[in-house]
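Paired with chain B in one complex and with chain C in the other, chain A is shared by the two complexes that follow.
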Partner chain A sequence: MAVSVNEAVSAGPVPDHAPPARRRGFRGRSVLEVALLTALAVVMLFPVLWMIETSIKENRDVYAVPAKFFDFKVTLDHYRDVFVSSGGGGRSTLSVAFLNSVLVAGVSTVLATLLGVPAAWAYSRFSVKAKKDQLFFILSTRFMPPVVVVIPIFLMYRQVGLIDHPLGLILIYTAFNVPFTIWMMKGFVDEVPAEYEDAAMLDGYTRLQAFRKFTLPLLVPGIAATAVFALIFSWNEFVFAIFLTSSDNVRTAPPAIAGLIGGTTVDWGLVAASSVVFALPVLIFAYLVRKHLVAGVTLGAVRR
Partner chain B sequence: MSAPVPLTTDRPGQVASTTPPARGRSRWLSDRRLAVAFIAPALLLLLAMSVFPLLWALYLSFTDYSATRGGAANWVWFGNYTAILTSAQVHLRALTTLIYVVGAVGLQTVLGFTIAYLISRRTHGRGLLTTLFLVPMMLSPVVVGLFWRFMLDAQFGVVNSMLGSLGLGQVEWLTKQRTALLSLIVVDTWQWTPFIMLIALAGLTAVPKYLYEAASIDRASEWFRFRTITLPLVWPLLLIAVLFRAIEAFRLFDLVYILTSGGPGVSTETLSFHVYKVAFLGFNTGTASAYGILMVLIVIVLTQLYLRYLNKLKED
Partner chain C sequence: MAGIEVTALHKRYPDGTVAVEHVDLSIADGELFVMLGPSGCGKTTTLRAIAGLERQTTGDIRIGPTLVNDLPPAERDIAMVFQFYALYPHLRTRDNLAFPLRAEGLPKAEVRDRVEEAARLMRLEPLLNRRPRQLSGGEQQRVALARALVRRPRAFLMDEPLTNLDAELRADMRTEIKHLQGQLGTTMVYVTHDQVEAMSLGHRIAILNKGRVEQIGTPLEVYNRPASLFCAAFIGSPPMNLIEVEVADGELRGQGGLALTPPPGLPRDRRLVAGVRPEALEVAEPGAERSVPARVVSAEWLGDEVIYVVDHGGQRDVRVRMPSTVRFDADAKVGLRHTGVAPAVYDVSTEELVA
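Up next is the complex of A and B:
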C-alpha cells in the first residue's frame, strides 16, 4: 500500500476502477496522514525555531511568562556578544573557542582522511589476512564509551603533557574518525571497479600509480563526503573536549557553550545565539552530504 | 604515519616519466607491501589511542590506583570487580540505564518508523520533509541538552507556558525524580527519532514496487501487505538501526551531563555518568577502570550482535 498514492497519481485508470466508497476512504486517509505528518514535523522543528527566536529576542522577552511567540522586540545583541567581548570590545572567549574548534576539527579531519583513505583502498583491493576481523576490530574501537576511554587517555596525556593542549584533542579525534573513514571509504572504493586499476597496470603503470591516476580522482566526491562527516563528528564532540581541556584559549566550542550555564544567572539569549552560530555550519554541511547521510550516520556500515 | 607519505609522493613521480618497468614475480609482493604500508599507520594510531588505553585501564582495574593520591598502585585482584558487581548503587544505575535505553530506543523506533512510513507514502515534497525531519539529529548533544533545559525550565520554560495556556498544571520537568528521567527519554527521542526514520526510509524505498503491484492484483488487504511485504523487507535494516541506537544510548554521557547532571538525587544517573563520578569526582581510578571495563564488555557484546546482523544484511 506504500505506493498507493503513486498509483493514484501516475496510473490514471486505477482509481477509476476502484469502487467510489473506497476512493473516498482513500482521500480521507490521505488527509489524515498529511495532518499527522505535519503535526509531527511541527513538534520536531519547534525547538529549533524556538532556539532561533530566542537568539533574536530582547532579554526581557526571553524570560516573559507566558512565553511570547510573535510580538517580541528583535535584537542582534546576543549575536554581537557571541563574537565581541562585552567588556573591552575585544574577542570574546566564545569566539576563541570557535576558532579552536575550527582548528581541532579541521586538522583531525585532514589527518583521519590521510590515514583512512589509503587504508580503505588497501582493504578493498588486497587480500589482507583476517580482513573481516580487522575491519570489525576497527569499527568496534569507534563504539567504545568515551567516558571509559577518557580515563586512561587522561592519565596518558598527563604523563606526556598533552592535557589542555590542542594536539591532545586532535589525536583523539583522529583516532575516533579513522575507523569511520575506513568503513565509509571502503564502500566508495568498492564501487570503483578494480578492473580500472588492472587495465592501467596492463598499460604499464604500477599499482600505486594506477591508484593515484585512475581510482583516486573517482573517489574525490566520496572523500569529500567522508571528510564532511568526520568534520561534523569532531565539531560536535563534547566528552573528550571537556575532560582533556580546561583553559579558555584551548577549549573548543561545545564545552565553552556548556560553560555559559555555569553561573548563578544564565543568559539564555546568549546560549541560544551561540548555539545557532555553532549549529549552522553543521546543518549546511549535512545538507551538502545529504545523499550519503545513511552511510554517514551509521559510520559507513549501512549503504543504500 | 611517516611510512606511506614518501611512498605516495616519490615513486610515481620517478616512474611516470619513463616507460613501465618490467613486472614479474615481485608484483604480488609489492601489493602486499603496499597493503601493509597503507594499513599500518591507521592501525598503529588505533592501537596507540584505543587499544593501549584500554589495556592500561584493564591493568588499573586490578589495582587501587588513584589519580590524585598518586604513589604506587596496590594489586587488589578482582576486588574492584566484586565491589562493583555487588554494589547496590551500581545496580540502581544499571536499572536507570536500562529504563532509559529501552524507553528512548523504543519510542524512537515507533515514532521514527511511523514518520518514515508516512513519508514513503507521499509523492510530493519527500526530499524537503526528510531534510526538515533530520535537523535535530545533526545538532550537537550540547546544543540539544542546553536548549531543552531552557525549554523545560519550570518557571519560564516554553513547555510549561504552553501547558499553562492549555489550562494544564505546571510540571517540574527536570527537578522531580520521576519526570527527570522521562524528560531525558523525551529529549533523546526528539534528537534521535530522525535517525531511525532515515534508515527505515532507506529500507522502505528499497522495497520493490512490483511486490505491491502483485499483492494489489491479488486484492490483498493493506494490513496483509504491510505485514507480509513491508515489514519483513524493512525489518533487517530497522534492527540494525535499533541496535546502533541502543549502543549509542548505552554510551550516552553528554546529554545527561548537560540536561540534569544526574539529578535530582541520582534519578538520572546512567552507568556512563556514574563512571565519570567515580573517576573524576571520587578519584577512585582503579574502581572506575574496572567499572569502565565492565561497560566495555557490554558494548563489545552489543557490537558483536550489531556486526553479525550487519553481515547477514550484506550477504542477503
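Up next is the complex of A and C:
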C-alpha cells in the first residue's frame, strides 16, 4: 500500500533527463491514475459532503427541487437540536445516546485491550498446551457474523437481567473485540524480541515487570492500532444495540439515529447533523493516533 | 566465581516436545566451556535452564554450592549475552550498562565507576552516549558484553553471541572474548553451532545431539577421537571420512583394499567403520607403496591447501587434504594411502567408539 502511494506521488514531477518513451509512459499512467482517483474520490466523498451540506441547510432547502448545492442559507439549528431538547432546555435524547455510545465503546475497548494484550503476550511467549488449537478456537468465534447469535444472547441476557443495561452492550462488545485484539496483538508481540524480557529478568526484574517495563512500551503503536479498530467496531455496532436496548437513556447513537427515520415526517437535517456528530469522534481519534496507526499496520513489514 | 553442576537435566515442554533428554555437565570454576551442536540439539535450552529462563522438568542445577532449581534468574548471580544483543533500545550505552547495577540498587558513585571500568575494558568510551540504533553490530555486541561483565557475575552465559556478525568481525570478537575470559577468570558457558568457534574458544567442548551429550573433552580430544559417529561427522571441515573396514590378518582394510594402521584392542565379529581425517590420507603417484589405485573426482584449490575428492572403489568418495604444492588434476589416476596414526574405529550398530 505504501508503495503505491509513493508511486502516485513520485509520478507527478517527472525528471527532465528521463528517456522520452518512459516519460510518456509515466505521464499517461499518471493521467489515468488521477482520473481514476478523482472518480473514486467523488463517489466516496459525495455522500459525506451531502450529509454535511444537509446538516447545515434549513428544512426548506433540504427538500428543494432542484437540489440546492451552493445558494442556501447556512443554519446551525440542526446541531443545536442534536444536543438540546426541542421542548426547551435540557438534554436531548440524542445527546444522551451519544454519551451512552462514548461509555459503551470506550469501556468495551479498554476492557478488550486490558484482557487481550496480556493474553496475546502469553500466547506469544509461553509454551502452552494445544496453543494452536486454543488460538484457532479464539479466532473461530469471529467466523460467523455476530448477528447470528443475537437471539441466544437476547434470551441469555433476559435471564440475567442485562437487557436494556449499558453493561450488557459493554460485555458483548468486549467479547467480540477480545479475540480480535489477541490475534492482532500476538503479531505485534511476536515482533518484539523475547530477549529484552530475558535480559531484564537476569537484571533483576520479575517476568511481569520485564513485560511492563520493556515489552509494553514497544507495543504502544500496536496497541493504538488495535484499540482504534476495536473502538470503531464498538462505536458503529448497530444490531446488538437495537436488540438489547429499548429505553432512550440506555440506547447508543446508531439505533438512536436510525430511530429518527420512520415517523410520519423525517427531519433530514437532524439526521444529517447527528450523523456528522457521530462520525467525528472516531475521525478525531484516528487522526490523533495516525502515527501509531501507520507504524502499527506496517510493523510486520520491517525486518528486525 | 563458581563452577556449574548440571545433573540429569530433562526438559519437556507442555506441548510434548522434548528439548533436553538427559544432560549431565560438570563445569569447573573459571572454565570456558562450550556447548556445541546442530540446531535443536538442546544446547540453548540447557543454557536457558542454567540461567533460570526455563524451568527444567527434572534434574538439578547447582551454581557453586547453591542449588538454584527454584531461584529466579535475578537471584542466580549470572549474566547472559544473547544472539540479538537485547540492548534496551530506548537507553544510551551508558544507561544500558548501568541498568543492571541500578536494578541491584548500588550507590551512584559505584555505578559510575563500574560502568567506566567496563567501558574501558571493552573500549566503549566514545560510544557511551549513543543509543543501540546508532551502533554497528560489532559495537552492539561489545556493549552487550560490557553489560554482562559490569555486574561481576559468578558466571557468564553466552547464547551464540557472534552469529549475527560478519566473518571478519566474528574472528576479532572471538579473540576478544577468549582474552576477556582469561583476564577475568570467570566461568563462562558458551553455546554455538559453529565448530570453529567451539574449537578456538573452549577449554572443553560438550557436543550435544538430540538432547543428549555425545562427548565432552578438550578441543584436541574431540577432534582426534570423536566419541561417536555423530561427533565424527560433526567436527572438522571437511569432516572425517567414514570408511567401512574389516579386520584381516592383523590388518585393518577398507573397501577397495585401502590399508589403515590398526588400533589396539579391536573387537571381532562386528561391523566397523573407521573415521579417517582428510589430512591422514595422501594422494600419491599411481602405484606408490601401500597405495590403492584411485581416481581424482574433483579438486578444491583453497590457496594454502587442496581438498581432493577421491574415488578409490569404496562406497563413498573420500576427501583428502593436501598441501597446495602437490597438484593432481581432476580425473587423474592416482594412488591413495593412509599416512596417519591409527584411526578411531566405530561400531556401525551402536555408532560408538570401540577402539
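We adopt the following convention: the second predicted complex is superposed on the first by the 255 of 304 C-alpha atoms of A that agree within 3 Å, B and C clash if a C-alpha of one lies under 4 Å from a C-alpha of the other, contacts with A are read in each partner's own complex, and residues count from 1 in each chain.
Heads up, the rule we're going with is that a residue touches a chain if its C-beta (ideal position, glycine included) is under 8 Å from a C-beta of that chain, and two chains touch if they have at least 3 such contacts.
Here the structure is a predicted model, which means the values were calculated and not measured.
Shared-chain residue A:218: touches chain C; no touch with chain B. Looking at the shared chain after the overlay, A:199 reaches chain C, while chain B stays out of its contact range. When the two complexes are overlaid on their common chain A, residue A:128 makes contact with chain B and with chain C alike. In the overlay built on the shared chain, the residue A:74 is in contact with neither chain B nor chain C. Once chain A of one complex is fitted onto chain A of the other, the partner contacts of A:279 are limited to chain B, with no touch recorded for chain C. By the touch criterion stated above, A:287 is placed in contact with chain B alone, chain C being left untouched. Looking at the superposition, the partner that touches the larger set of chain A residues, chain B or chain C, turns out to be B. Shared interface residues of chain A, touching chain B in one complex and chain C in the other, are 128, 201, 203-206, 304. Residue ranges on chain A touching chain B, taken from their complex, read 1-7, 9, 33-34, 36-37, 40-41, 44-45, 47-48, 50-51, 54, 62-67, 111, 114-116, 118-119, 121-123, 125-126, 128, 134, 136, 138-141, 143-149, 151-156, 158, 171-172, 174-175, 178-179, 182, 201, 203-209, 212-213, 232, 235-236, 238-239, 242-243, 254-255, 257-258, 260-261, 266, 268, 271-272, 275, 278-279, 282-283, 286-287, 290, 293-294, 297-298, 301-302, 304. Those residues of chain A lying in contact with chain C across their complex are 127-131, 193, 195-196, 198-206, 214, 217-218, 304. Interface residues of chain B facing chain A in the complex, by the touch rule stated above, are 1, 4, 7-8, 11-12, 15-16, 19-21, 23, 27, 30-32, 34-35, 38-39, 41-43, 45-46, 48-54, 56-57, 60, 67, 111, 114-115, 117-123, 129, 131-143, 145-151, 155-156, 158, 161-162, 164-165, 190, 193-195, 198-199, 202, 204, 206-207, 209, 212-213, 216, 222, 225-226, 230, 237, 240-241, 244, 247, 250-251, 253-254, 257-258, 272-273, 275-276, 279-280, 285, 288-289, 292-293, 295-296, 299-300, 302-303, 307, 310, 313. Across the complex, chain C meets chain A through its residues 13-15, 48, 51-53, 72-74, 78-80, 82-86, 88-90, 99-100, 103-104.
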